[in-house]
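You will see subunit A twice below: alongside subunit B first, and alongside subunit C after that.
Our next item is the complex of A and B:
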């Protein structure tokens, strides 16, 4: 214990120092580096995203239909098999955010009474739709990478994970009144530690399969084409192979030092998330797999000196602040694994029942993806599947801590983050946890200095935990 | 004798502590908007008070929001770690720290003398010293009088707005409706305590709870926090300097660790110069 003796030498409170004025033309000269991409594959992603956006703009000349589409809802192969070009609002809004050019669209939507607290993927895209409608469907000048084409249909899917999925397509139709809307719903059994979900699963799969059949009928009606079942089956098979390769590739990141970080994964998720059911997506992961193997052989890690391995435990990133991953990396902290955008699993681990119906296969794959952590969670008293998944990754990837990002406008995915963090500490172990706050698109929620201050404090907590442990 | 300095440049106040075997100088002054250039001036004053030369310092640690603007610091460490270190040296039984600063508030959990967990509120002025400054100005009551005044309240007025700007408006209306000044100030303290309490409860709270930062100078706020937490809140002898003290102690720890291994730590090599962050 140290003693305080102000009387001898110290200046007392109230004896102040006159502040010194700074010049008005002064500005900070920070040595800012652009975000480094650890893999060559990630550097190719801009082309992918640009290609997806321009495909919607070219679709009309090619006689193809464009559909507004939403990620992770099991509709990918159906659209691809029917030559429908998906226009991904979530991708477009992410690009706007990454270019720090979303504000004009958010303001446009806000001016028509869409609250800032609503999903900013939705409000950014709706603001863009409003502008395009004012131009009679013509491209919006200055839209990032040309923006998205006016859709011929909207293929929504209300999921348990996202409530705007029900309302966003309907709100969009308010401005695109001639555009037909389909909103299906894919559910999975809720987790109950006292109930074996396997009995329930088949009912959920039956429901999901019927929803997908309705979607096919809707697409047939609005494209004027019949679904080619063989082509659909081939694309589902290709997707399965892509799921397997995606996981094989990402599991290479278990290596120490890790050859790829979550900062990259927020890019390399694009083919899996937006191009599933295409050969390009499969080929991308083949290239990434080879590159990571090479980096491991050469012991090339993300950080020059890998001090701490941390899991990105939940939450979509702030697309306008991906440079924060580099901030972590420069301080020796790497993310070898993330929950976000890891929307696949090795097919064999899901134990899917055999079926000749590709739609039923999609439904099983979709339901089992969510339920395959249930058994583990049931075995650990007090645990829940989301936490079980976090524990699995912490152990498999040898993580020292976990970072959660709470994006205020994305309620359904981000509500419960604090509960997850507390449950993790209670049922597993008291590892260092950082909960960051921000948004996916709305930069007004972001303060770089404060964010970096939190990161610095978290790194010191990791250091203290390691010292305590040792 | 080896001397170590801690410089804590907070958003509102700048604090410097120099330690040898005990504290030989401590200084508190306003940060002002020019803190980027202020660090060398503050350090100079502190050295004069301690009758020391810059060369007498064996290691210097900077902390606080302005820590990167201290070119002569040998190391930068966040205020989270430094507050924990400083407070632990003063009140070793404290396991939870509530720090109410000028523009943010924090909760810090200590385990074995080190930071175990932390939470920060930085998105909103409510729950920070700035909230109290705005209200004091609005009520035309000196900031330092808020605490004592609130203790004379009959009943804390209900302040429902958590937003600083709206709360100021609400208070003006209540004042116009005849609510007493003391009751209003007590209500303001309860409002800040409620915000801080819900922030800190994101961690598992363990006693003893201690308070640091400018908020610790306000007896009314301390009482309100005690009511919210349901237990006493400890106040260190000088709650404003815990961060700077912790920084100086961290410097001592780093220096001694190197010394144990027969080495000397790398120094910044910079003299007592101002930050050159402006072109």
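Our next item is the complex of A and C:
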């Protein structure tokens, strides 16, 4: 296993990386040539990102409420059904990072004693909030596409996924004290090889459903509107269809050569992650599906000469260094599949019980999304669900190796990665693994030359493994 | 357990502090099952009712991490990493099992790492929610019932509601006794030093509840017999943080000429204020206590009508203690890579400062390797408030 480590890991003494001016419509860094996108669809993503931010700024004049929202909280359809405009902190911080312009916000938060070791999505956004408050709610000069509007409410979630999802809203309220905060709960049964999780699923679903009802009540109170149950049901149905289409589309990437890799997927995840429950998100994947079909028919791959297929096995990317995917591609390495941001599954594979209650359906979909790997993991001694998922992808997408990214400021995604890599080798087979270390937003942890050297070393292990195999 | 006689209670506590886990090892040798747990969220009442010996795990701040980093990322909470390192080095080889309550990401994201590395006969991840509304209490009851059923299977013994009610009574008594011992710190100077108190708190969390209560009772008796020494006035400090479980940092405070008179630690006042109510279903009272009465940053408190009301609900007990114990300086000691505590530093700092008491915020490691630096900061703070 190769481990890349930069200090915060990583900034060397005396070394500075200057902020780099970027094109306004590009979702990535522009220190040299921008990362080439393999699909036309991915090129449309900047409009989605910009549209989501702009929607928060326009909401006031349209008489809509804005909510600070956090991805993978199961709250999408509720917000959309009540015409609440979500302002996504993760997206805002990701854009700042991609533009290599997050430092001023990180420093602002740090000046009020938020440690650099905390989630940098959160500290970047809180720094922005602090600046906007100092400007009495006026736009912060230089914020990407005008930044986010001051919210009317903050919708967090306590769950098994990420502490900042409830600590970030609480910390934000310290600066926006008049803005009401709701924190609900979305849990799933933990994996225990000796305990049948199915016995527990019901009370987990009951709990998640009740918490979603609490969220509806909160939204009704703060919008002054009643939830339209039929509209909610229709949006939940639309989300199910989007889940299915999203997976159908991504499964086209099994083709050799793969028509799209993770570098693009870090863009094409935007509609699924931030626009679920909208027709635009569904239509986006329809276009992407058609485009990938066409590429497959024409045998157009991501790399000119596809030598190795690698899984992005875990971790959020360094948004300021998405160009590294292209570095892989130029060396003939492609990522036909990734765990990150693949936050859905074909609905039929989840075996969801029938219910007329759309909130209960969201709860079942959430719980089963996590637990549907458990039976497989139980059958392979020593395995865990996360590793079963990795094994399934390696086999389905014919991968030769796996790459993990460990971001220093995020325990949620990135703690436990060493164990996943070790377990993969122990219970499956000894395939080449690369663990990169860096951050999602904080560029001080990044050194491009070192990263590329380590990628080169990893490619050598891929070559050696292939030779052994042959 | 060492027989408690006049004058040997504090030395007994010191022994259990220095040789952490000594009593659990003795009980294991005598045929008892020993279950380790992490954090203040470990439901000791249920473990006591099951007839097992619960021991809250700690690391060793003087011991560098030498094995744990091969399994666990350095971005994980330094406390969790240190305890894990101790466990993989065999310090807790006497355990029959472990309970990992879901306190934070550093625990739930490493649950697999712990269980597969230690391979103990019993393992349980207790999925404690972060939210405290009524559905959360009901959910907490459900997960406590699952915990009970797994313990029953492991011990082969039914855990009756009567046994749980009895354990609740014993642990409530234990908390009351510890609060009484705390009250002996109100005098100026306090009758028991901060270093002594730290050793008592650590010893107490390693003992079965009745033995812990007997020890605290004896210590209180000894301490009450002390005469208040006439010494020059010293700053009265409160230490706030999560699991600080070593006397080194306290020694640094008291060695610099201050008295540590109170804490807001998860092995200290956070644990001992807030009893389990006696309820017809004893699990209900336990669920309510761990979610609503235990004021730790991983439970979201937001039911108030205003932000200020929520601050009072979150930190009000701390404010009360600042007044009762005549605290004139607070040291907020937060571990690096801790999102739950780290995200509330500005709120807690400004809340305490609004009472007129200055705050020193330190972000540091679970290690004495940085103690010299910490001492310098503490000395400067004490000079400032003198």
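Keep this in mind: the second predicted complex is superposed on the first by the 437 of 470 C-alpha atoms of A that agree within 3 Å, B and C clash if a C-alpha of one lies under 4 Å from a C-alpha of the other, contacts with A are read in each partner's own complex, and residues count from 1 in each chain.
Rule of thumb we're sticking to: a residue touches a chain if its C-beta (ideal position, glycine included) is under 8 Å from a C-beta of that chain, and two chains touch if they have at least 3 such contacts.
Nothing here was measured: the structure is a model prediction, and the numbers come from that model.
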Kindly classify A:203 by the partners it touches after superposition: subunit B alone (first), subunit C alone (second), both, or neither? second
Is A:336 contacted by the first partner subunit B, the second partner subunit C, both or neither? neither
Winner on subunit A touched-residue count between subunit B and subunit C: chain C
After lining up the shared chain so the two structures overlap, which partner does A:163 touch, if you call subunit B first and subunit C second: first, second, both or neither? second
Let me test your reading of the model: by the given contact rule, A:418 touches which partner, first (subunit B), second (subunit C), both or neither? both
When the two structures are overlaid on chain A, which partner does A:401 contact: first (subunit B), second (subunit C), both, or neither? neither
After the superposition on A, what does A:117 contact: first (subunit B), second (subunit C), both or neither? second
May I ask you to decide whether A:454 touches subunit B, subunit C, both, or neither, giving the answer as first, second, both or neither? first
In the superposed arrangement, does A:173 touch subunit B (first), subunit C (second), both or neither? second
I'd like to know which partner A:184 touches here: subunit B for first, subunit C for second, both or neither. second
Both subunit B and subunit C touch subunit A at residues 9, 418
Interface residues, subunit C side, partner subunit A - complex: 70-77, 102, 104-106, 108-113, 116, 123-125, 127, 129-131, 133, 135-136, 138-139, 142, 146, 150, 297-298, 300, 302, 306-308, 334, 336-340, 342-347, 349-350, 361, 363
So, in the complex, the side of subunit B touching subunit A is made of residues 14, 19, 22-38, 41-42, 45-46, 49-51, 65, 77-81, 89-90, 92, 104, 111-112, 114-120, 122-123, 202, 237-238, 240, 245, 249, 277-279
Which subunit A residues qualify as touching subunit B in the complex? 1-6, 8-11, 13, 15-17, 19-23, 26-29, 418, 430, 432-433, 435, 437, 445, 447, 449-450, 453-454, 456-457, 460-461, 464-465, 467-468
Report the residues of subunit A in contact with subunit C in the complex, numbered from low to high. 9, 112-115, 117-119, 122, 156, 158-160, 162-164, 166-168, 170-171, 173-174, 177-178, 181-185, 187, 189-192, 195, 200, 203-204, 207, 210-211, 214, 382, 384, 386, 406-412, 414-419, 422-423
